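Two complexes come next, and they have one chain in common, chain A, joined by chain B in the first and chain C in the second.
Now for the complex of A and B:
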């Protein structure tokens, strides 16, 4: 089968323009709500067990993260790096590339941007310096994926492991840079020199929200467009759904794997650039917001649909900004939110299972090939639009 | 650099290597069994953390043996989730593994704070068993032959796992479940039951590794204390290609790469802490790059077994 024949096949079934765009995003959002509620309830039960009041706790989250102007601005600001990161993860996950090492890519890019930031902004005033720094962040993030990408493309080594190993190396390397060559001479705390706030990304209409959120939303829409409307996106989807089919339709699987991995890393590097240039202006040693694994969960909850990540990232921004406050009030670590996210992800896999089973039952008896045995783990969860390739119309 | 290979340095390297290598050994032995049976246990790190916390709490209120048993129990508890989700329901092993890790990281950190506040209670030192004569060997004797009993048990486990995988029908079943589950099914042995056993053993061993870390190794529990040890164990299992003896060698080598910088500091060479933290992972990456071509994983690894599907 030629590539165009296969592409027509897939387009006809799953990527029909218009129909899938909004209904897919809506359905993904709706199916995300169940697991989220279950995760929050399970978290609430744990709160009761350890003697905290869950109503007060969740109340504090909403009060701080959503229902105060300052908190809402903080939450919206927090969305910018998260959305960039989500965009990066979607590019990789769609191609069945498990870029789990986001934190290393993020922190190294953050260190590079804050290390070179003051001098580059000094040399190129106006917007040019910011653009150069963003490019540097993207390149750093992209380059940090090269080793896992090549090992996967050429030797089939599991990138979950290799990208995680690279994360541990990257986090420590970032610390070495911040404590060594990039260290500020003007303070005793190990951190980089501070970029003056008037040189950072401008805010929107007198609020505290920087323009990075707009760039992030644009990036998410572009990724969604590329993944659903272009031949590049189609190739990534085919690679993700069935690597052997990808070889047969003439896709250069090795090259595409490396390219997708690097694009993913570049977006994650950009996330760091935006966060540093929009909010902080410097990096302290040992700073690690641990976005990587959280985003992993959110992107899956969005069923790898870029548009659907927007409300979910918004939700997480609220519970992470509000959760910080609530956790401090309740004398608990911020990691409570991490646990809730993990539980949500567990409940989500269960939800997927029951939804898929119900959808399968009337059309396909037990003997037909099931999604569970698909070559792609993503397709096994039936998260990607191409996941229904083998089951055909069984879901409709 | 002439004092690099002094007795102090070598002794510190070896004893530190054993201290840091034992948790890797337990977890990697578990992962070996799991991978042989066709279940890629990405949640290993989470199971170690659960074992580390559960074991520590039990040890704090009772003694060190019950603590290790508590670690085994906590690891097995986490493995039950893996069993139900991945083996029984056939859900994606990577997603469930990551979810387990994230949940375990959060829950141990929250429980630790709720129970102990910001204090970190410390356990007493674990008694060493001296092997007569051998422990008197100069330089290496004490570090090799004066260790807690659990270290010797760990070494015995290597032999046991090797024997089970190689010479018992259970081992044959485990390997069949990973290579050709259909064949095992046709032979009248339940694939799901075989894999379930493998996952539970893995959880128990990972929990034991975590408990060793908190009880014997550190004497305290700190959130996130496994710091990637679970993933290093997965790599060791991958590179050992299912052979228990190589798991032992790998675990000790990576353990020594952890203790290398500590040993350097002992002889007066100062190394930044970040380099100390980074070194084992650099070693893992180099090992993976060198041996990338030769790492081997069972054919049906990661694929849930659905009877009748092809």
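Now for the complex of A and C:
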């Protein structure tokens, strides 16, 4: 290549990718923290109104969720399935695939793992059984997305509806399995046989934290790498940012839709596998931690940036672990913390609105008649590791 | 420029009642973030005159029009209507003050009848006065010298007729000023002739017509008074005494000088600037080889489209085949079918004699079949990705830009710098989000992407739409150059007949999704093309 003056100039102004990848993650985190603070303040006012001391209340949360060794271990343990699920949701949401059927995929995978767990772990030496069960969990979660994925890819059916319907089927099928073929004979409670705790995922030495958290962190980092540095990730981003451009540039949209949907389901299945094999060892009928809905909010708060979900999921783990304790101490119902979470989400939406409004400069008139067409709601999101929030409106 | 300033109108003296402008703007300034769209504009519009407002894209024409029609409020400056200072705060205000506007794109509700469209938002009472409206419609139509069926669905009318309805709608409340924004952009030559006749009628009835355009020859044809805008300022005004006294060539030269200033000399060769089109290119020596052959293809229409039916077309190596037609007559369907974005219902497509019917979009792209889409932001680019990424968007996963799935930034950046340089894409950096580029630069980006890596056949869909004269000229030149020097065949889809006459060897005409005929680009081709564009029957 002959380097002209112009190319030198452009090269000289190239932004260093290393720095920007991190600044992108930082920015996303920062935009997540603002609404959290506002939510906590509003929750504090609420506490004052009903005659509780917010400092004490939040102090209890921190004490139980973060600053006690036991609480910290619980919070970190809770992060593992949440991070896996976040990874799964990001893969789908980035591609504009609204996999809202996470709870069905999660519970079905949980039922399969705990149903087959006792026999498989007994049949294979060492950790092999655990690995097989994790694979089964991933496959179960992935397969449960096939119906909505195919319907979306080939017939354009809205996956919000279909994956939600599949959730009803999945949740109830999981219960059916737990109360039927997988039901333990050793207890009257409808639940599966318990995997002995010495056969569960090993703990990180000297703690009660199982190794699942490490796997989850690795998964999140891998997802981030794939989304930002690979051709597969770019295809997903293009599909998400502008589905018509995806068709135009020759991306096999059908295949990509199905693959992304299944990867998403597989991560959610893994989340269930890790939770069962790391914490519970069995599933009770009608157990549903309802991680899905909370995580939608968290991954959007992280602006679909995988790395940024780590601190946010950590925060959520702390307030959910500490929240119950604090609520009990303050003689409030367990649900109080949910209200604070709701307030945070409200402020998150408002922040989103104001940031978008600031970024949206009115297009200059007498220009080309085009406006930005990017059809999807996530088009407004920052796709490149470098960029800002602006939704580029075309103008001359 | 100095000599031209003398040609400007002298300040209007209030005592000469007959010479008082129907609308007068003084010192209008309107700024948008990053651009002053109108900078201290003065403009006087008189009854019984066609006042042409001429300028390139981005010169501030539409902003000025939007201020007069009440869509925008100026930052400073005054508007006088019949000598009285007026605040036009909404389009409704403008109509009530007697200023009617016809926008570039149809605003009629296609499922409503003509009459219903006219009644929309007009009546003050609850009940609609259909009888009175019918009479009004008849009166205005006869003023215009046209006939309109009041009960036909607006969507069923040809674009030229829809525009007539728009004019009637603009004149509905007894407007005395009619503003037309680029009114000829959607019309056939026949439709343009009709429009000009109607405008002459209105002028004769004492209406003031403001005719906004970027086409010089239209100004020469109908302008009584000419105002040229450049970079948001008035570059000059010619009064009727000057316009009518000057020979056509001299007038043309004065206007070109005003439009482009010092750049005028450099643009002497541009057909549009010459004010005429003499690009008949028939009988250029050319290979007999067929590069792209379309055999009897049909495509099912999506909602709101006409689809295409039994189209056969053969493009020779190095030939530029134009595709004419009023927008929405199957052009996009044809382009997408060839590019592989839509499946064929019937028929076959051959590239260099081999079928590509079963090849994917990216397969065809690799074979050298390229598609420069007209929907530059909607499907051509991803606005939230960088310029560099957009330049390689059709090669995702391919070497040297990706190595086993992992991105190689150096390769992408190197290629991007080359293309940005080679195609003169104005961007701060190659990492800039594509969405912040101007329309012209987005188009250059698309051309850079499609015309690199050895193109064989390129489909250009409205390649110069919305571009300024210089860029338009550069794009047409590149299309010609590729065809002549590198034997790259082109299928040039355009709604701008002058462009087709300027560039193409032959012109195929689409109407209602069918091929009406292929016209050799020779003397008189525009009339034949125009005839076929409306379905073959001369209107």
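One rule holds for everything that comes next: the second predicted complex is superposed on the first by the 313 of 396 C-alpha atoms of A that agree within 3 Å, B and C clash if a C-alpha of one lies under 4 Å from a C-alpha of the other, contacts with A are read in each partner's own complex, and residues count from 1 in each chain.
Convention: a contact is a pair of C-beta atoms (placed from the backbone, for glycine too) under 8 Å apart; a residue touches a chain by one contact, two chains touch by 3 or more.
Remember, predicted model here, so these are calculated numbers, not experimental data.
Once the two complexes are laid over each other on the shared chain, residue contacts for A:77 go to neither chain B nor chain C.
When both complexes are overlaid on chain A, the residue A:172 reaches chain B alone and has no touch with chain C. By the touch criterion defined above, A:247 reaches chain C but does not reach chain B. By the touch criterion defined above, A:331 lies against chain B but remains apart from chain C after alignment on the C-alpha atoms of chain A. Of the two partner chains, chain C is the only one that A:234 touches; chain B does not reach it. Contacts of A:140 after superposition on the shared chain: neither chain B nor chain C is touched. In the superposition on chain A, contact of A:345 is made with chain B only, not with chain C. In the superposed model, A:309 makes contact with neither chain B nor chain C. The contact surfaces that chain B and chain C form on chain A in the two complexes overlap at residues 366-367, 369-370, 372-373, 380-381.
The part of chain A that touches chain B in the complex is made up of residues 46, 50-52, 98, 100, 147, 151, 154-155, 157-158, 160-162, 164-166, 168-169, 172-173, 175-176, 179, 293-294, 296-297, 300, 331-333, 335-343, 345-346, 349-350, 352-353, 366-367, 369-370, 372-373, 377-378, 380-381.
Those residues of chain C lying in contact with chain A across their complex are 32-35, 37, 57-63, 66, 72, 104-105, 339-341, 360-363, 365, 371, 373, 375-386, 389, 393-394, 396-397, 402, 405-407, 409, 413-414, 417-418, 420-421, 428-431, 433-440, 442, 465-467.
Across the interface of their complex, chain C is touched by residues 1, 4, 6-7, 10-11, 13-15, 17, 229-232, 234-235, 237-238, 241-242, 244-245, 247-252, 361-374, 379-384, 386-388, 390-396 of chain A. Partner chain A is touched in their complex by these residues of chain B: 40, 42, 81, 85, 89-96, 98-107, 109-111, 113-115, 117, 223, 227-228, 231-232, 234-235, 238, 272, 274-275, 277-278, 281-282, 284-285, 288-289, 292-293, 295, 297, 302-304, 306, 308-310.
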